[in-house]
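Note that the chains take the letters A, B, C and D in the order they are written out, and that residue 1 is the start of every chain.
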Amino acid sequence: MHAAATSTPERQAFYDRLAPNNLAPLWEVLGALITREPQSPCIPAFWRYGDVRPQLMEAGRLITAREAERRVLILENPGMPGKSCITHTLYAGLQLILPGEVAPAHRHSQSALRFVIEGNGAFTAVDGERTLMRPGDFIITPSWTWHDHGNETEEPMVWLDGLDIPLVGFLDASFAEPGNAEQQMETKPVGDSLARYGMGLMPVDWKPATPTSPVFNYPYDRSREALETLKRADDWDPCHGLKLRYVNPATGGSPMPTIQPFMQLLPAGFRTESYRSTDATIYVAVEGSGTSRIGDASFHWQPHDVFVVPSWCPVRHEAGPESVLFSFSDRPVQQALGLWREDRQARAA
Amino acid sequence: MHAAATSTPERQAFYDRLAPNNLAPLWEVLGALITREPQSPCIPAFWRYGDVRPQLMEAGRLITAREAERRVLILENPGMPGKSCITHTLYAGLQLILPGEVAPAHRHSQSALRFVIEGNGAFTAVDGERTLMRPGDFIITPSWTWHDHGNETEEPMVWLDGLDIPLVGFLDASFAEPGNAEQQMETKPVGDSLARYGMGLMPVDWKPATPTSPVFNYPYDRSREALETLKRADDWDPCHGLKLRYVNPATGGSPMPTIQPFMQLLPAGFRTESYRSTDATIYVAVEGSGTSRIGDASFHWQPHDVFVVPSWCPVRHEAGPESVLFSFSDRPVQQALGLWREDRQARAA
Amino acid sequence: MHAAATSTPERQAFYDRLAPNNLAPLWEVLGALITREPQSPCIPAFWRYGDVRPQLMEAGRLITAREAERRVLILENPGMPGKSCITHTLYAGLQLILPGEVAPAHRHSQSALRFVIEGNGAFTAVDGERTLMRPGDFIITPSWTWHDHGNETEEPMVWLDGLDIPLVGFLDASFAEPGNAEQQMETKPVGDSLARYGMGLMPVDWKPATPTSPVFNYPYDRSREALETLKRADDWDPCHGLKLRYVNPATGGSPMPTIQPFMQLLPAGFRTESYRSTDATIYVAVEGSGTSRIGDASFHWQPHDVFVVPSWCPVRHEAGPESVLFSFSDRPVQQALGLWREDRQARAA
Amino acid sequence: MHAAATSTPERQAFYDRLAPNNLAPLWEVLGALITREPQSPCIPAFWRYGDVRPQLMEAGRLITAREAERRVLILENPGMPGKSCITHTLYAGLQLILPGEVAPAHRHSQSALRFVIEGNGAFTAVDGERTLMRPGDFIITPSWTWHDHGNETEEPMVWLDGLDIPLVGFLDASFAEPGNAEQQMETKPVGDSLARYGMGLMPVDWKPATPTSPVFNYPYDRSREALETLKRADDWDPCHGLKLRYVNPATGGSPMPTIQPFMQLLPAGFRTESYRSTDATIYVAVEGSGTSRIGDASFHWQPHDVFVVPSWCPVRHEAGPESVLFSFSDRPVQQALGLWREDRQARAA
């Protein structure tokens, strides 16, 4: 927005005298601080599940879930190596729990989502209730709730973790506490929270105490059934195909205050128009296959592959067969702060 | 709250001079206007379905749905005869549509609920979408939406209508319009709105434009499944057993701004403690049987029976076998206005 | 909306058999219940202060404030004689407190506004804080707060009371309690609530516990100064001139959940276009003079005169000199319930 | 929270093979990412105005406001040198405009506050309305509004700028645009927005379109008058004395979605108890003098001095004479996201 001021020896000498007083001239950096458009360090990125899975299984041989506390391979955005983040504000990783293992109880102010990739029937326990995990399920661990994971099945269990770790770190608001037992006690029947809050009804005197959804498992069979019904309307958004956002039924808002997850169906052969928005988005392919052009990069995806669309970077998806994509971003943060923008006529990607 | 002032001839003469100027002395009526506790004209009342049904079927022989526009027997509170209301603020009636009949399209500012009593598969169409009606379904007709009903099955169809007619009349806000065709065109697939808004997801760019739920059928099989799951928690409210309120998933509030419906399960032999609240409530028995003591009255109910608990009148329910009750009241109005009260230790009824 | 069905002897006999069972045929009354447009019993009405004042002073000689509890002449809408209401949902009256008198402490679920007509410096006390009353001040008594009034000046004090008595009665939600002392103790300095909540700041940890404004006096000098500044913008609404609504600074909503007050300036000679809305409105002239045409009636007003515009009745104001009008209605109720409508091109009044 | 796993050559070799695939082992960094308590790079810091002012005036000689676009000395937190931030999420600087100068029109998605230090009567123009700046005034430049500053007085004008630049940068949501003229046209009278939205009333049909306050100048004389009235209540918060937050009168929330400003009075000799919260806070002394102990640092402040309390760092203030402090933080961000915490019994600082 602003060309830097002419440098002169006198000015430079002045700047040198400012620094010891913890002062600096705004006009030297204004254009870099307040940019005409987002200038993100986050870049388009792609992880082929077929490549990652062997390394995840190797991790399974090298360290136990107990020793690791959480046995996760972080998906690091190549634009920010060593920063443990997949976008500027969000973290993602692939977590593995082997049969018989436990990821011990703890709690933290960071909110987490789990999107189930592989395996069937391991559990996440939150505040005394277990939920069984099946491929395509979207599961929440609300901020500051006790949670542990366990796998009492015969198969390895793999899911994608999405957390707001960079954001909470940036806000200097991280708190954490280990449990005093490896696993919490089960105090509620399986399925209780979905029945209590997610079937169009709620307890007569219940009021939400936090902004996080009281439903903590959104099973894939329900989400998929919704897509299946809605595709009959044959009413496709040119930028998105059929795109839904997961909802906190107590407010109509996002299931977590920091992360909005989405589920999207593209009919066979559908090609979206170029689109961009300020919320960098992490995608996981669930069904089908296709190609996404993100800025200058192009990725061909199949089920379980993960890719990232940075802030304000144009994206275009093209489905091969009918395809389903799960995705998530920090959109509710940007919307709460009045900062979110989208551009439905993004210049061609 | 206030004993009327002493009457004197001089005062009376003064009052007589006030009236022609549209003036009146407050102190003569203050105690009647601002009462220590609610003094409702609404009284406890009961309709045995076995008694009403023959009269409803007789109505079916005497007038067509087309001629009647809506063939409904109003349930009139005996405390307010001729007022077409079941409580002070709400209207209820039993509507019959015979095979092959149509209740023609119209719209009005009044909100309506339908609770299905008998029959299977007749439809209500709202804004281009049909929903099939099955016993126990709770269905909404939002304010000012085009709606018509039709019965293409072989059986009579009966449901309970609940509307805010007295309230909208009191607010002088009634608007209505007949359709220009008997039936509206079907523009959306059956089940569309439930899939679009009621499965834990919503269209990515959708925002609610009205306070009414975008889901307009809450099927009984879902509600009943929720009750079935939750009863495993074995955590009973002494005043209510297991009581849920229907929810607008876009806000967490009531499905309609003027009426809150509820669904409640009482385990076999459960006896609630005495309870009262300021929202007069209409009950419909759905399953089981039991007895409700309401003020000084006592009613034994079976499926399809309807009864009324007036404002601030203590009520106690006792279930025979496991029982399910549907109910509705104007609670969201009272809560929006800061007027709702409840008393969980009501003096014994 | 619906022509009544043809009457036949057989039908009539059927209707007669319904009544004892508390049943009635909807089709006989549908058109009267669900009207195409509001059909209010409320009619245009007018009270000339010059006529009412002598009767109010006579009341001051015939009964004490203490005996009357509140010495008020109710302004009764001539369309609803004996109902103690000025519109279908609201009550209004003129209250007089003579020098040295007290209107004793009580509380009730009804919300009250006071709009000061005459006198200078009597007080209303609410929850331990006194506010001094000056002409044009708009003062709130929130639901269920202890309040008393006193006049320690040398002059009679007159104000207009506006309450939601009919509405609270219709909702069967009236509660009231007399104080155990005639006057409450003064526990806060005069002006505390306005300074605490009304100057663009609020206590750091305070959260509103009720929907009513924490500011309970909106002094006329502030309101008038706002009008005086804004008229410089010379930007007049054709239907309203310059019309402001009083605001609860904790929410941006109405100061009370059931009543919205307004303040309005019409420049000299301004003639508004015909307008109507569903919230019947009570006006008080504050400054200037003019004529309002309401439906077929026409009233010429001067300061302190009161008049009523019924629901959906077209109104047109014409100012003589620059004029100020205070008004209030049940608009927040209608808006909360999704029922409020306005018509800015009302057919000529 | 978690001790790093034992390192072995085999594991290290594995980690080395992960990096090229943009993968990393969570267990090596978990304890650093999810900390038991906030671990901020922000440290306590202090700027004596008497020291900064000469350098600011020197800047006034070395560069014009026009060339600089904004002639500001950034206050850089010494814990994050070169990052142009005063806390982790916020930016602050001291801006100088000399008589006759103009800071040209531009707009950006970043929100700004101005807190006036020195000078009297220069203006900030926002969306066609000028507001005159006086010491102690708190002024808003809402996100994406055109704004320019000018000084038509005879004195230098200095104010503190507070912006959400680091936060908007972290969210990758920066947009900016230069004006096509140096100064925008004045289209509204001075004082219009305060009169229109800040006097307890609002335009009858106005609805907020953004989360930012429609009032953009909160003059010091009003804020100071509120403090003066409220101190008569003699009701002091042990941690804060008398602390108020500035409010958006359209919502009751913060004046800007990303920044909450506060105004606080400490009576002479008052010593607050130790307190901490997760929102790092920037203070400006307005009146009086005192000492603040922040973690292990201790600063003695006088009017115009600036100091920073980092996240979760205990602070204790001690006033000499009666003192007034202005402060601001990112609290509304943390509260919107459910992350804000405070500790009123912070371990002794």
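The definition used in the following text is that a contact is a pair of C-beta atoms (placed from the backbone, for glycine too) under 8 Å apart; a residue touches a chain by one contact, two chains touch by 3 or more.
The structure displayed is predicted, hence computed values, not measured ones.
Each chain gets one centre point, the mean of its Cα atoms, and the points for chain A and chain D are 30 Å apart. Look at where the CA atoms of chain A average out and do the same for chain C: the two points lie 52 Å apart.
Our note on geometry: chain A versus chain B, Cα centroid distance of 42 Å, whole angstroms. Shown for chain C are the residues in touch with two or more other chains, of which there are none.
Contact topology of the protein chains: cyclic, one closed ring where each chain has exactly two touching partners. Pairwise chain contacts in this structure: A-B, A-D, B-C, C-D.
Put simply, chain D touches chain C in their complex at residues 188-189, 191-192, 194-196, 198-205, 208, 215, 218, 222-223, 225-226, 229-230, 232-233, 237, 240, 243-252, 262-263. Residue ranges on chain D touching chain A, taken from their complex, read 1-2, 5-6, 10-11, 14, 17-19, 21-27, 29-30, 33-40, 42, 45, 47, 51-52, 55, 58-59, 62-63, 67-78, 81-82, 84, 88-89, 91, 93, 106, 108-110, 143, 165, 167-178, 210-212, 257-258, 278, 280, 310-312, 330, 333-334, 336-341.
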